[in-house]
Amino acid sequence: MDTTNGSLNRKLRMALIGGGQGSFIGRVHATAGVLDNRAELVAGALSSNPEKAKASAPAYDIKPERAYTSIDDLIKSEQARPENDRVDFVSVATPNHTHFEIAKKAVEAGFNVICDKPMTFDFKQAEELVATVEKSDVVFAVSHNYTGYPLVRQAREMVKAGELGEVQAIRSNYIQGWLRTRLETSDQKQAAWRTDPSKSGAAGAFGDIATHAYNLARFISGILPAEVSCHLRTFEEGRALDDYGHAVIKLQNGGLLTVTASQISHGRENDLFIEIDGTKGSLIWRQENPNEMIFRRNGHPHAIYTRDGNASYMHEMAKASCRLPAGHPEAFFEAFANVYRSAYDSMALRAEGKKFEKVNTIFPNVFDGAEGMYFIQQCVNSSKENGAWLPLKYSKART
Amino acid sequence: MDTTNGSLNRKLRMALIGGGQGSFIGRVHATAGVLDNRAELVAGALSSNPEKAKASAPAYDIKPERAYTSIDDLIKSEQARPENDRVDFVSVATPNHTHFEIAKKAVEAGFNVICDKPMTFDFKQAEELVATVEKSDVVFAVSHNYTGYPLVRQAREMVKAGELGEVQAIRSNYIQGWLRTRLETSDQKQAAWRTDPSKSGAAGAFGDIATHAYNLARFISGILPAEVSCHLRTFEEGRALDDYGHAVIKLQNGGLLTVTASQISHGRENDLFIEIDGTKGSLIWRQENPNEMIFRRNGHPHAIYTRDGNASYMHEMAKASCRLPAGHPEAFFEAFANVYRSAYDSMALRAEGKKFEKVNTIFPNVFDGAEGMYFIQQCVNSSKENGAWLPLKYSKART
Amino acid sequence: MDTTNGSLNRKLRMALIGGGQGSFIGRVHATAGVLDNRAELVAGALSSNPEKAKASAPAYDIKPERAYTSIDDLIKSEQARPENDRVDFVSVATPNHTHFEIAKKAVEAGFNVICDKPMTFDFKQAEELVATVEKSDVVFAVSHNYTGYPLVRQAREMVKAGELGEVQAIRSNYIQGWLRTRLETSDQKQAAWRTDPSKSGAAGAFGDIATHAYNLARFISGILPAEVSCHLRTFEEGRALDDYGHAVIKLQNGGLLTVTASQISHGRENDLFIEIDGTKGSLIWRQENPNEMIFRRNGHPHAIYTRDGNASYMHEMAKASCRLPAGHPEAFFEAFANVYRSAYDSMALRAEGKKFEKVNTIFPNVFDGAEGMYFIQQCVNSSKENGAWLPLKYSKART
Amino acid sequence: MDTTNGSLNRKLRMALIGGGQGSFIGRVHATAGVLDNRAELVAGALSSNPEKAKASAPAYDIKPERAYTSIDDLIKSEQARPENDRVDFVSVATPNHTHFEIAKKAVEAGFNVICDKPMTFDFKQAEELVATVEKSDVVFAVSHNYTGYPLVRQAREMVKAGELGEVQAIRSNYIQGWLRTRLETSDQKQAAWRTDPSKSGAAGAFGDIATHAYNLARFISGILPAEVSCHLRTFEEGRALDDYGHAVIKLQNGGLLTVTASQISHGRENDLFIEIDGTKGSLIWRQENPNEMIFRRNGHPHAIYTRDGNASYMHEMAKASCRLPAGHPEAFFEAFANVYRSAYDSMALRAEGKKFEKVNTIFPNVFDGAEGMYFIQQCVNSSKENGAWLPLKYSKART
């Protein structure tokens, strides 16, 4: 086990919900969860179809007796096990519209949760989930995985340390092209549920990816939003949800944040990029080239910061998020695993009966998840009202 | 003389207004104007200060007798010369608030004009100038010089040829950092007039650079705007004009254009960049690396188009805008000179008594200039009304 | 288990040699070996120090009874286990000078081997090891991990498919800067053994990294070398081995390959990059940005190939090496794991008693390892003779 | 006139040799020569064909009476003019094999010369030309134009100021692809003379472009070479001269310089790039993106230096080589013009009877030209002897 696990002298036990044959994100959770050997995957409810649930288990090394077919089964059976053999947390990797029920039950049963994003189907569910978590003492993480990149954490630490001065303008963008045609009309599962309001929620591109861009801006800057004006578009005719959109957000400090999301930009792959302007410096980071960030200050050469765990400019949190020396690129899986790893630190503290941070955690948490759902709701509503300014202050937001 | 000059068997005669000692843009006009040896600079009103006007003349090879002190002097004296020795056009490189009077007089006197941008102090002046030009038969160009880059022209031709399909989304940005501090309070001339409403007009960053970003989007796409919602900010306390702003523009075809301008982004130099999404392809171009453009289509490798006058993918207009082989970079001066060169083609036609295009010219013209002034006016007004949607249809806009 | 495992209906059992506390590359092997859940790490000889060997085991989930202190122990004890509980392969992650003995014993005992590079201390050992492997039927892989990058495999397939025409010129470079100062005189383990001839062998930079650059060129092109002329330098005074060097290699087809390696280029991290010129096209790939490769053909736009498992331009072998969609970067660990994964395919065939390729494997093998040792030997000798041309034909080299 | 012209109160008078209709480089010289308005083109011997010489003159604004048909004519007629109307310098833009005779006559007649590169047909001619120049007091520049880029000059000043420490390794490359096919067999003039030994000299790619790469390394580093080992190749069958080559050069300080030149790398345009490793820092610069240079030092963020005339890190010589603010790209023409501009400074001093530097000039001079011819000769000879080490010390080389 990685030594940052503190004194918890064992591996955490993980259960995976979703991830049955044909799933994509389930495998990512399973891989990220164990990458650092601090947890083992011991149980799962991989599918609601009993046969598929059983059949999918071997690929995850889940024993038949712990291959459940529902969260209810899982909870009941795991609770019947002795505490030292019971799962510590469940990872929820099912389609959006099912997150809420699963996560709520898991929390109420006392299991820690790592939930895919968007956290729930709508903001109402999110608020209820927040209340549930607040009543519990579980660790609840949301897989806004892009926050796990070492240089994203470095950016956050730089802002906190004042290296950018006061942040006044942020431009956060998430540009893809894969839904340029109506893939959902063919047999493409990923496209199908993402463009189906009954599964995806009220927003398409804005739910799927603008939430990441918004979360990234909030995570790095810590600056609270005031109001939002949003403009969603559906450029592919016949599609039920937005595939393009743009939000203008007034920040409480007087600054301006713009969020752009596209699923219809030809050839753009997964281009999440953010530009942050502070009174003392500016930053640019791009997910497709994640081991590099550019920090600029007038009068100085532009500085390329790389993911260098030995560099004097790197903050401790960022250094601790690196596994390999500079120049040996780390990427998506490692960032995802960093979110897990940080949640594990809190789980270890909980397991030892110690206090742990709930709001300003280094991993995205239930409040971030709820803020994301609020963002989606207000964006959709503003867009319906031709971009009317709607409030965006979420009372429990991180700073 | 360059052979594209058609049959005009002589060089055009240029007069420069502004550009006296200490000027920056005057020298750019003078250099660009003669770069291809199709014109010679023979007269000027380099300064309203008579001594300075005289003293500045030798550096431009202007003879003392043609070193005037005002546009009135210039017009009067030049008109007194025989036609075959009279200036053909005047380049207006003075501060914004003086453009209108100078340009209008020149047009009324029958001289062709190449006017710096923004074209006038406000939209009212612009409309009056349009009317004046329409009554005349002069060639009137506005130095939205970024349209002169070969790959920008290539982008325009690609859109026209349908290579991008229907353009639905455009993101045009102009990010600078040089006004991050209040340079205008020190002895920095460029900063001083740009932040002074009496000289610069109603907008700061939006007048100075967002107009370029807007013009670039319009020039390449040809798509007409419907309405604008704008949000300007002044982040440097005490500054009289905006130094940051963002406009959302509904396009008449249902698309969305966003324009962002910043003068306060640390270390950003002159970062005009544009992303264009069409139903068949997407484009990215960045002014700071102007010899390269990326064209993407789903299912194809991303294509890097370079400024290659021999390449089969290049349109004729773009090829004709190249002076050097691929890999031998061309840059700002050459792009500026391309605007001049294209205006010269029209001037040559006029000189020969032939018809020439007035609206959809390859060089930015008086209508583009007026559209830019309308954009500024509507953005400023929308921003004052908290981003209210205001019309942005300009009746004489190019397509 | 990943379904590409063929019909082998179980996970492979891995043993790790080396990797005790303080090791770097041991952890990389352990992570890569299990990344796809096709193997489990069940045994190890993590250190020759018995206490350290035991103490290191829990971090790898190795049970105390399988935490050995030597390869001899490991072999003896594992052979005593029933076949269905015995390790299938050993990964050798110890310092260079110990590889030979460990690997040879493992092979002779019938275990498959994945050996770190350089494969042995010198070419003589390498030849002996080759002979040993040839007498056995084990799978023997060498961790030239950079060949595991999907776009490197794509490059190889493109060459094989004739997309570059005949390859005539290759420039392969590996530029680092971390040994710019004499780190080895401080307490830096990685630097200490790499600059110690008794542990590293006859070459420093050329053994450590030029071998990778050479292997990469050979792997992608398949073109056989004829002769080498080499020039090694030790720029840090007092260092015992080369920290910079350059080799010119005549290829058997008349082409030219140059290999450059540096450990003393300030701020260069791990910059392995290769340029390949064929009669029909040219390629560039750079390890620090591994999800992108540029393919150029005169008369065509430059093509950026990305790691896109759905792209029509991608060959099957490259597609099969991707785990994530395009735009979701994969990196060092995944490439390393691809080498393991490919070796597993052969191990599965062996376990099932089927035939498997020995020379032109998709993973680097014992012949590649030997060719690398021959390269080092001839380079060192050539350099001693002022760059004299020495033969570089290795009789068992892949094509 | 630019004020850096010192006290010379007039424009210099330029004559152009070569540049007749169909020429490429003649127009570049003409444009660069007058870009800053410090010279005017008044005379020419544009072609040895009298009709063509006359016909070409108007495009350069050369009056018929000064449109000569030979250097002899030009010299005779110009010398007959009063001194204050006589050309100050001649620019030689003819094919390589004619440079020597023209330049020598011009020098002997007392005219300053700006000569295209390679300076002569062979080294013997070069030595004779050096002797001729040494006997005279003319200013003699050679258009190794890449030295004119502001960031190249910045690199040179950084080395001189010790910012890189001692330079130990340099890799200088010039990669093109345009001669991948035998263009010379079609009607392509540029290809035809460059591949014809009777016009181009003993080398093809090495004469045409490796000389630039070598000159760049020498110009920036100032380090003297000791010996060279070279390997030339002709990859296009039937071509008379090398189209690819590689030279290894031992430097007198113990360092290593490698020079690679290619004309057969598909799609590569004009990719001159250089990497310089010093004991204190390393630099990278690439001609195709000339407004940016990366400076790296271990332990520091990588620094992007841009062509910023206001930046504190820029040396005076580099600042003085900028015409536009940072972010407004300058390129090939401006760099070429910088070579002219620097030569003009010396011409002005000469015209005023003052002393001026002859060897370590900021512009490439006759000694650089001769060193380039020596480099070509020794490379060709070494290559013929299978890469034998040949001396490369040129006694009059700059430092």
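Should a chain be cited, it is by its letter among A, B, C and D, assigned in written order, with residues numbered from 1 in that chain.
In the analysis below, a contact is a pair of C-beta atoms (placed from the backbone, for glycine too) under 8 Å apart; a residue touches a chain by one contact, two chains touch by 3 or more.
These numbers were taken from a predicted model, which means no experiment stands behind them.
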When you check each chain against subunit A and subunit B, which touch both of them? C, D
Report back the single chain whose CA centre is most distant from the CA centre of subunit C. B
Pair joined by the larger number of C-beta contacts - A-D, A-C: A-C
Taking each chain's mean CA coordinate, subunit A and subunit C are separated, in whole Å, by 35
Inter-centroid spacing, subunit D versus subunit A (mean Cα positions, whole Å): 56
Note the residues in subunit B that touch 2 or more other chains, in rising order. 178, 268, 302, 306
Residues of subunit B touching subunit C in the complex: 294-295, 299, 301-306, 311-313
Subunit A to subunit B touching residues, read off their complex: 168-169, 171, 173, 175, 177-178, 180-181, 229, 231, 233, 235, 244, 246, 248, 250, 254-256, 258, 260, 262, 264-268, 275, 277-282, 296-298, 300, 302, 386-387, 389
Residue numbers on subunit C that touch subunit A, as the complex places them: 1-2, 11, 24, 28, 30-31, 35, 37, 58-61, 176, 178, 268-271, 287-291, 306, 308, 323-334
